[in-house]
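Two complexes follow with subunit A in common, the first pairing it with subunit B and the second with subunit C.
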Partner chain A sequence: MLEIEIDGKKLTVPTGSTVMDAANSIGVHIPHFCYHKKLSIAANCRMCLVQVEKAPKPLPACATPVTDGMKVYTHSDMAVKAQKGVMEFLLINHPLDCPICDQGGECQLQDLAVGYGQSGSRYEEEKRVVANKNLGPLISTDMTRCIHCSRCVRFTEEIAGYQELGMPGRGEHTEVMSFIGKTVNSEISGNVIDLCPVGALTSKPFRYSARTWELSRRKSVGAHDGLGANLVVQVKNNQVMRVLPLENEAINECWLSDRDRFSYEALNSAARLTQPMVKDGGQWKVVGWQEALELVATKLKGITASHGADSVAAIASPNSTLEELYLLRKSLAGLDIRNLEARTRLGDVRFETKAAGWLGQSIVDLAASESLLLIGSTLRKEQPLLAQRLRQSVKKGLKLALINPHDDELLCAVAGKLVVRPDQLVEGVLAVLKAAADITGKAVPADIDLAGVEVSTEARALAELIVAGEKKSLVLGNIALQHERAAELHAAAAALAEIAGATLGLLRDGANSVGADIVGFATNKDLITANKKAYVLLHSELADLKQGAKAAFEGAEFVVAMTSFADEARDYADVLLPVSPFSETSGTFVNMEGKPQSFNGVVRPLGETRPAWKVLRVLGNILGLNGFDYDSSEAVRGDVLNGDIAKVLDNTPAKAVAVKAQATAGLVRLAEVPLYETDALVRRAPSLQATVDAESAAQLRANAATLASFGLVAGGNACVQQGGASVTLAVAEDAGLPDQVVRVPFGRATLALGSGAIEVIKA
Partner chain B sequence: MTVYVKGVVFEGVDFDDPKHWGIEAYMARGGYTALKKILSTGMTQDEIIAEMKTSGLRGRGGAGFPTGLKWSFMPRSFPGQKYLVCNTDEGEPGTFKDLDIIVDNPHALIEGMIIGGFAMGITVGYNYIHGEVFEAYERFEAALEEARAAGFLGDNILGTSFCFQLHGHHGYGAYICGEETALLESLEGKKGQPRFKPPFPASFGLYGKPTTINNTETFASVPYIIREGGQKFLELGKPNNGGTKLFSVSGHVNRPGNYEIPLGTPFSELLEMCGGMRDGKKLKAVIPGGSSAPVLPADIMMQCTMDYDSISKAGSMLGSGAVIVMDETTCMVKALERLSYFYFEESCGQCTPCREGTGWLYRVVHRIEQGLGRPEDLDLLLSVGGNIAGRTICALGDAAVMPVQGMLKHFRSEFEHHIEHKQCLVPGF
Partner chain C sequence: MVTSNQAPTLSAESQAQIDRELAKYPADQRRSALMSALRIAQVEHRWLSNELIAVVADYVGVPPIAAMEVATFYNMFDRAPVGRHKITVCTNLPCALSGGYKAADYLKQKLGIGFNETTADGKFTLKEGECMGACGYAPVLLVNNHSMCNHMTPDAIDKKLAELE
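Up next, the complex of A and B:
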């Protein structure tokens, strides 16, 4: 600890602190631009110059290490003169176009200029003009406003992991730009908008749509992945205008993924469903809520009476709230309907955890692991901010290892990896398990047959890594959980975790996947291919479901879709109920670490839209059921989460599954859910759909040898046939894939495809 | 042109011999005996550093920091890789001495670096050579090959366990890369811009490893000091200003060139060596230590001796030893405009005061030169300069301001004349 005095206040700070850290710790504000607590120190803006006793010149607080007995003056004549001098320099070439700048009202330069600037300028020479850059559909540029703080550059390099922005040029010719002809494509790129202290980088979708002071700030929770990022939703005239991160160090830190930031566009989409509708003689008709719900009640009652309760199934998006799911379960239970599923992309009906499947520990604890083995995950796309957090952990010593069917860059150092065919993922884990059993001399469970498992050097290296050390984690990602042998992967991974003494975690895809498990939206039946007589859909759409869903819905006697959008379900549903997206309802998401986060609606429901929990409460009453007199979503939540949540979380496989290595050959598909195909909102956010990532959702990718074996060329087209259907996709090369693997994403472009044998021909 | 008067770097070099730069000629004049002495007599690292301290050698790159002291800062027992770097990124207007060293006596530099490596327990060295000098770079590479072939460089030098690898690196011509941390960044393959210090290169240098950086002339002086002893070197100059020094004399003299003379030589003598003023014109002013040193008027300059202390007492600095001589036909406004343009163009653009301030200074001086000056401009220049100096990451900000301050201190009336009459005081400009 070191003693320091700042503006006469004495304090002690840890060795290694900077003057800025010390000042922050006692709430002394030192003006700054380039300093950011999450970024490396650049010390280039010089706004933070302060006077330090015995130093002949003012020193930058952000970069000056505290020495014992140091005396700092942040507002002395010397300090203020230096700060004002810097402010003058920053302003001479700044356009001062605040009236037409989106940053106006939340601009650090504007704010500090009030305190440190002059009313007139002594600079009467020509001002600099800098050409704008095309950074893609999300970030708008006005580069003349740039003050060269390099925050954006450091962000791409240090936080996003790949330096997509740089500062070529010297002196006054220094400009922030992307690689020539390239845009900024990081999955977390939007954070540079928040970081930019001026209006050089602003939000493209938000551009010129409101002044910041007209916006109210309301808290919410990210609805597109398992992280549960905390949000500030900004609202004007009952419309969501933009979304910003709300700092929560334990979850999203001060960042936001682009998916959570820009998907709000869909909330204002013209495709929104605003009134209840029923299909009458093949024609859609607008009806009142009462009429619609009575029809639903009558139909469900009729079908259960004539075909039995097992003939009805409810399929919900894992982004539905805990309250919605609970009341759906409760109302259907009144008709004895028990077919409930929210794990809509699960690939293996045998997969079952003892209680709700979760990360196995907190996000913070996971990131503090000594070693982490990630199995079957495209982490940057599945959970962008978790990938970011682990990237920082790797810099601090985390050994991150992978077993994956691809070799995608995590943009951090990887301590070991095993790249296998997607249909050899189980065998990959078995190889590591065998090596780990070998090293530790521990036995594997009897259901796991290791005969014929070959241990490669890579597998052995992974085993050595995961058995050594203290705090170890083993995590199954979406590719693993969506795998057709997910139950075997689960069993093998659990055995490996046991032998290695590691914590087993599951990366759940939805905002409320864990909550859905808790409510009981997990059957071990395939509800789609079972062709039920009636389906109740909550926020889920065809692109969330497997092949055959459309046929199953069309073949059903009755389908009710509780949805926010009118543009899809009208093809197969009989009743459309407009229910609130997360922004228009109160509710709770339980994130991947088992943390329930409740939120309020940030805007009023659009048109006749109603929060689904209220709709289901009315349905319960219409069905004549008891216990539906809730007056708030909190009351509903109280019925579900009434005790220690840790007791309802358990990743242990519920039943033993026989695991055995299988030989595979031939062409195989690697199907993942692309970054911007995850849910109904994301799929309808135009700016996200204009990104490079969205483009790749309609691509077939394979390595050069595989492409050549089918006569395909990158840039050309391919016709893919699977499950009796075919689609045409653009072809791109992916050098990281094993031979005879085609990466064909799971999304709207490939919805027609089924599973099993796949064929590819040149188109 | 190099004129050897008395000193250590070019001692014994026969410039008429086309192979004067080669290893044979170098060895014939006593080259590599210092290295052999160290390796055969078992001279210790401490003894070498002590010898360097005795010599009073001060860094020849411009800052004049005592070399022996700098060498003693290197954490010799640091377990990982350490680096030795030579700064031949000579880019300051008026300075051209290091160029001649790698062209005419490259082995003195190589031997000096090998000795430095030995003294500090460093096994890898780089010489960062300015971008625009192609032949000089090739000459240095050729000399390296000779030294490797002769067993002075590489593994197990002269059969001992001492290993030292030395590589040439050709820069890209940015002045800022002469700043040692910008040089390191550039050497690492990044954009050459200075790092904030602390940490200093001695603890966090090239690739984050302890690194010692010295100027070309500094290293080239080392063999002499080891061979002849630090005391002898010291006595070549004057106390606190040990040894001899290369002065790059340019401007309005009859024989511009590099002059190696003892520190403490009166300026008037140096001027004589250069054949006096061109065309018999009158001396008006001298920039005594490279473009960033404040200008000194003739009368002050004629009283100075050429050493760190005397020039600094006169209000300027010896810097790298670039002496820019101006005669009475020189327009000081035009001269400052040139200087200011240089710093404006060469600012790395990283930190605010320098990026924004150098352009401002240049534009105002340019305006005055164009006859568009305003009376308040001169105070504005000083005020803007005051806001740059001491507020930047590296010394380029100060370097840009000092010429302005020097000019306005000694030649303010000339600027006022320009502003008032919208034309030059000096006929012909």
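Up next, the complex of A and C:
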């Protein structure tokens, strides 16, 4: 600990602190631009100059380490003179075009210029002008305004993991840019908009649509992945205009993924459903809520009466709130309907956890692991900010290892990896399990048959890594959880975790997957292929479900879709009920670490749209059920989350599953849900859909040898046949895939495809 | 200079030289070898096209923009095609005070080109350079980045130009 005095206040700070850290700890503000607590120190803006006793000239607070007994003056004449001098220099080449700048009103340069700038400029010569750059559909540039703080550059390199932005040139010719012709493609790229202290990088979708002082700020929670990022939703005229991160060090830190940041565009989409509608003789008819709900009640009653309660199923998006799911369950339970599923992409009906499946620990604890074995996950796309956090952990010593059916870059150092065919994922885990059992001398459970399992050197290295050390984690990602042998993967991973003394975690895909498990939205039956007589859909669409969903819905007697959008469900539903997306309802999401986060609606529901929990409350009453007199979503939440949430979380396999290595051969598909195909909102956010990631959602990828074996060339087209259907996709090369693996994503472009044997021909 | 759509390649010899440079730095700091690698690539290809910069970046194992930063920082890297002989005249202050501009003007008149231009026969390119650390021998010029010529009076310039093929 060191003693320091700042502006006459004495304090002690840990060794290694900078003057900036010390000042921040006691709330003394030192003006700055390039300094950011999450980025490395660049010390290139010089705005933070302060006076230090005995130093002959002002020193940059952000880069000056505290020494014992140091006396710092942040507002002395010398300091202020230096700060004003820097400001004058910064403004020399700044266009001072605040009235037409999108950053106006929330610009650090503007704010500090008020404090440290002059009322007029002594500089009368020509200012420099810098050409704008095309950084893609999300980030807009006005590069003349750049003050070269390099925050954006450091962000791409240090936080996003790959330097997409740089500062070519020298002196006044320095310009921030991406490499010629490239856009910024990081899944968390939007953060540079927040970081840029001036209006050089601004949000493209938000551009010129509102001024910061016109916006009201409301808290919410990210609705697209299991992290539960905290949001500030900014609203004008009852419309969501923009979404920014709300700092929460334990969850999203000060960042936001592009998915959470830009999905709001869909909230204002023209495709929104605004009135209840029923299909009458093949024609859609607008009706009142009462009429629509009465029809739903009558139909569901009728069908359960004539075909039994088992003939009805409810399928909900895992991004539905806890309250919606609970009331849906409760109202259907009144008709004895128990077929409920929110794990819409589950590939294996045998997969079952003892209680709700979760991360197994907090996000902070996971990131503090000594070693972490990630099984079947494209982490950067599945949980973008978790990948970011682990990237920082890796820099601090976390040993991150992978068993994956691809070799996608995590943009951080990887301590070991095993790349296997997607249909050999179980065998990959078994190999590590066998090696781990061997190293520790511990026995594996009897249901796991290790006969014929071969241990490669990679598998052995992973086993050594995961059995060593104290704090270890083993995590199953989306590829594992959506795998057709997910139950076997689960059992093998659980056994490995047991032997290694590691914490087993599941990376849940939805914003409320854990909450859905708690409510009981998990049936170990395939509700689609079972061709039920009636389906109740909550926020879920065909692209969330498997092949056959459309046929099942069309074949059903009655389908009610509780949705925010009119453009899809009208093809197969009989009743459309406009229910609120997350922005228009209060509710709760339980994130992957089992933390319930409640939020309020940030805008009024659009048109006749109503929060689904209220709709279901009315439905419960129409059905004549008791216990539907909730007056708030908090009351509903109180009914679900009563007591210690830890008691309803448990990743242990519910039943023993026989696990045995199987030999596989031939062409196999690696199907994943792409970054911007995850849910109804994301799929309707135009800017996200214009990204490179969205483009790859309609691509077939394979390694060069595999492409060649089918006569395919990158840039050409391929016809893919699977499950009796075929689609044509653009072809791209992916050198990280094993031979005879085609990466055909799961999304709208490939919706027709089924599972099983796959064929590829040149198109 | 012909530009083709094909990405430029690094010859085995250039690769070997870059490898030697890379070996000087820790494995996780390959970026340190960028300046040398770009120099080697430039010697082979005469100038650094965007495509060549990307190839070098790829070879060194860094993002292309990182190589672009280095390639655009130092003015001995040529970002556009140059003639067979690149003559860089120092015009920084000490040289400027001792005939640097005169030497440059003489060259301009003699070659019939301005700074950053190439003679029609593709033989000479004239550039303006920064201090070469030889201020005492002004005027100073550099031929093809590698050979430095001092006291470049008009006579000396004539002689030098005659030597260059």
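By definition in this document, the second predicted complex is superposed on the first by the 763 of 763 C-alpha atoms of A that agree within 3 Å, B and C clash if a C-alpha of one lies under 4 Å from a C-alpha of the other, contacts with A are read in each partner's own complex, and residues count from 1 in each chain.
In this text, a residue touches a chain if its C-beta (ideal position, glycine included) is under 8 Å from a C-beta of that chain, and two chains touch if they have at least 3 such contacts.
Treat the numbers as computed from the prediction; the structure is a model and nothing was measured.
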Subunit B versus subunit C as contact partner of A:Met177, first or second or both or neither: second
Touched partner set for A:Leu2, first subunit B, second subunit C, both or neither: neither
First, second, both or neither for A:Met167, with subunit B first and subunit C second: both
If touched residues of subunit A are counted for subunit B and for subunit C, the larger one: B
First, second, both or neither for A:Val414, with subunit B first and subunit C second: neither
Contacts of A:Ala43 with subunit B and subunit C, given as first, second, both or neither: first
Overlap of the subunit B and subunit C footprints on subunit A, listed as residue numbers: 166-170, 173
Complex contact set, residues of subunit B against subunit A: 174, 176, 191, 196, 198, 344-353, 355-360, 363-364, 367, 380, 383, 386-387, 390-393
Subunit A to subunit C touching residues, read off their complex: 162-170, 173, 177-182
Complex interface listing, subunit A residues touching subunit B: 41-47, 49, 56-58, 60, 63, 65, 82, 85-86, 88-90, 92-93, 122-123, 125-126, 128, 147-148, 150, 166-174
Residues of subunit C defined as touching subunit A within the complex: 50, 54, 62-66, 68-69, 71-73
